[in-house]
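Next, two complexes with chain A in common: one pairs it with chain B, the other with chain C.
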Partner chain A sequence: MKHSPVDRFAYKKSLIHLLPLEVKGPLFFIPILINSLPLNSYFLPSFFIIVALILFKISDIPLKFVLKRVLMAFPFLILVIFMNPPDKAIFFLKILSSILFFLLFLTTTPFLSIMKGMEKLGVPEVFRLLTAFGYRYFFLLTDETERSIRAWRMRGGELKKIRFGSISGILFSIFARSMKRAERIGTVMKMKGLYEENN
Partner chain B sequence: MKKIIEVEGLTFFYPETENGIENITFNVEEEEVIGIIGPNGSGKTTLLFSICGLLKAKGKVIIDGTLLSSRSFNGIREKIGFVFQDPDDQLFMPVVFQDVGFSLFQKGYDEKFVLERLKEVLKKVGLEGCEERESHKLSYGEKKKVCIASAIIHDPKILILDEPTAWLDPKGKRELLEIIKSLKKTTLIAGHDLEFLEKLTTKIMVLENGRKIAFSTKEEILKNPSLLQRIGFE
Partner chain C sequence: MHIPEGFLDLKTLAITDGIAGALILLSAKKVEREMSSDSIARMGIATAFVFAVNMFAFPVAGGTSAHLTGVVLISAILGGWQGFICASSALFLQAILFQHGGILSLGANILNISGWGALFGSITRKSGRFYSVSGGILSFLAVMCGSITCAFELYLSGRGSFLRGATAMAVGNLFPAFIDGVITFFVLKLFKKIEAQSS
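Let's turn to the complex of A and B:
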């Protein structure tokens, strides 16, 4: 199956890609940290957005790709903004610039490097494993969803005539398959010795 | 030849069903390659899981002289390399290096040792240089090979494969055949692909409704049309 993961361009060789993780990590997380401070200024978040866009350009990451990922976060962004009454515009800029820097980090760093970085930072193993499983199975879940939707469309399912019954049916089948898969993965983990320490 | 797998009266039924295996007894000698055939639902996977201790079955299983119990499970697990049917279940880590090396990392080996061993096993399965590839970007055949690498990285005495040729193209099957041959391990293979099993196995066990109905040399089994017809293989 074709996937478009967030680290699709992570193996390029631009200046930003080649920055060591020890430099890139703190550098890209400083704007996110500053954004979390109670500073009511339009200047800083706007400046960060411009810097992030320039860095995307240097990294040779297509802006269309970035925009699509940002749009995926938009519903949550809008929800968060409406729940924070004062200074909605500043809040919006702050979150947007934080998302852009976070995306910049993810799109210019291969997943394995992120995992190694987490290990160096002393992130607990359970958290690292969960991140790895999440990344691994995100694509499988996408595949299974696509397969279900394809089967639904082949049997006459149309977006215009969508019914709650058919949607809940698809969701249930995806859930049931995920549960079954989780069970099988549990067996594999047992065989590979994941629970050895606990026995 | 030394007996490496001894199974006596193995019985397991899934709760509230009549599906499972019943009173299965057999022995496997070192370096023998055993095929297990039978229609869907005949108990092939259940038998393999019970032999490893993944299902708690009644009866006796002795692996390389160790009696299977919940206490000896980890010791027995290390003597077995299991290749599961669906590679997407088996490869649960995102990068080949992490997945194949998983069992060694769990045992606390350092990265240098794991990498050396990893390169060795990837070479054996014909995937040299794939250490840093991501699991979801591999083809189905490549995933199967990575699964075999992850099953043999700890150098087990026994290799168990559950329907290894399912969804593989002819080229993938040929490659898989050569890999298994080259490993020279005691092997149990459950499947439906008689052509594949004929080229690999020394003996074949036939299961039907959870019961062993035949266990003999491959020549005897494969030249018995009434038996193959009975299980729907001809």
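Let's turn to the complex of A and C:
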């Protein structure tokens, strides 16, 4: 698997990147909160979109990447359109500007800073630990999944034809191997004296 | 079913984030009581597993794709509270790394995906000899209940008719839910088989 670091734009040195998290967080989430208020105006969301695009330019984040990420919300938007929301145009602008500010925050903030921010906000330690574990082992498990699928294909398997037994077999073997790995990690953690039994 | 940023209004965000926050604190307390190196490693890997299998999408009818959510599965194996906190941190990772969902809408996504999944997973855990069958059925139901809750949250935010939203969400998620149920059934069946062999 080709790994592309998910926070690859977060380590640039632009003015936006250098803003401390305490400033950046509220600054970028305030427009999203304003959008969630029942204000029926074209002006504010349009203004937010322009500001977000300017900030993306300053941050040197490629607009192609931004567009790709914005488009990811569209399948959900189509489902919501079925609900026949009132003021569809304003609703669309609000969603677009909210997603842009959310992306702006994520693309200019390294994962580690977000973790530190979570600690300052008082997020429980278990939740933070699991998030860190998830981030650490996600790529490894994705690689294993890809390897298992490749091996299965070489044995004549086809993803286009759904065979629940085979897919479940692959997933189970990944799960079983993951649990084996967890045992090893647990032993290493114990040897380092981390999180010894409380009782 | 991941609600992106900007789709919910302030009132719904406050309610869902409040409830999800309280549930996270409660589950963290429950989990911390029995926290050890082994349990942390197991839950951490389970988080990465949920995160990774969510990316393992295979094509289904009409050009759409389906994937295993894995919440009922890990809750049935590790326990309800453990499954809840693992799936919630996986959802957080999906939001910050791949923008599947949002940060402010994380509470709603936690309730829709982790909440129902962990609840039904803990019921599965207690279902004795019907373990894998109930796991499959409840996994299907967890996705369907999550879709309807999602439509309700959008309705609460004034995004249109609940009935239309629930229908669109339920129909849109029917096939993925079915696949989730069948795969959960097979994986749990394999899990039971291996467990019986090793004991």
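Just so we're on the same page, the second predicted complex is superposed on the first by the 119 of 199 C-alpha atoms of A that agree within 3 Å, B and C clash if a C-alpha of one lies under 4 Å from a C-alpha of the other, contacts with A are read in each partner's own complex, and residues count from 1 in each chain.
Criterion: a contact is a pair of C-beta atoms (placed from the backbone, for glycine too) under 8 Å apart; a residue touches a chain by one contact, two chains touch by 3 or more.
The structure displayed is predicted, hence computed values, not measured ones.
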| item | value |
| --- | --- |
| Which superposed partner A:A89 touches (first chain B, second chain C, both, neither) | neither |
| Partner chain(s) touched by A:L15 [first = chain B, second = chain C, both, neither] | neither |
| Touched partner set for A:N35, first chain B, second chain C, both or neither | second |
| Touched partner set for A:L112, first chain B, second chain C, both or neither | first |
| Chain B versus chain C, judged by how many residues of chain A each one touches | C |
| First, second, both or neither for A:L63, with chain B first and chain C second | neither |
| Chain B versus chain C as contact partner of A:A151, first or second or both or neither | neither |
| Intersection of chain A interface sets (partners chain B, chain C) | 111, 132-133, 135-137, 140, 181, 185, 187, 189-190, 194, 196-197, 199 |
| Complex contacts: residues of chain A adjacent to chain C | 6-7, 29, 32-33, 35-38, 69, 72-73, 76, 79-80, 82-86, 91, 94-99, 101-103, 105-106, 111, 114, 124-127, 129-138, 140-142, 144-145, 149, 159-160, 162, 164-165, 167-169, 171-172, 174-176, 178-179, 181-183, 185-187, 189-190, 194-199 |
| Complex contact set, residues of chain B against chain A | 49, 52, 54, 73-74, 77-78, 80, 82, 84, 86, 88-95, 97-98, 102-103, 106-107, 132, 134-137, 150 |
| Interfacial residue positions of chain A with respect to chain B in the complex | 3, 5, 110-112, 115, 132-133, 135-137, 139-140, 181, 184-185, 187-194, 196-197, 199 |
| List of chain C residues in touch with chain A within their complex | 2-10, 13, 24-25, 28-29, 31-53, 55-56, 58-60, 68, 73, 85-86, 88-90, 92-93, 96-100, 102-104, 151, 154-155, 157-162, 164-165, 167-169, 172, 179, 182-183, 186-187, 189-191, 194 |
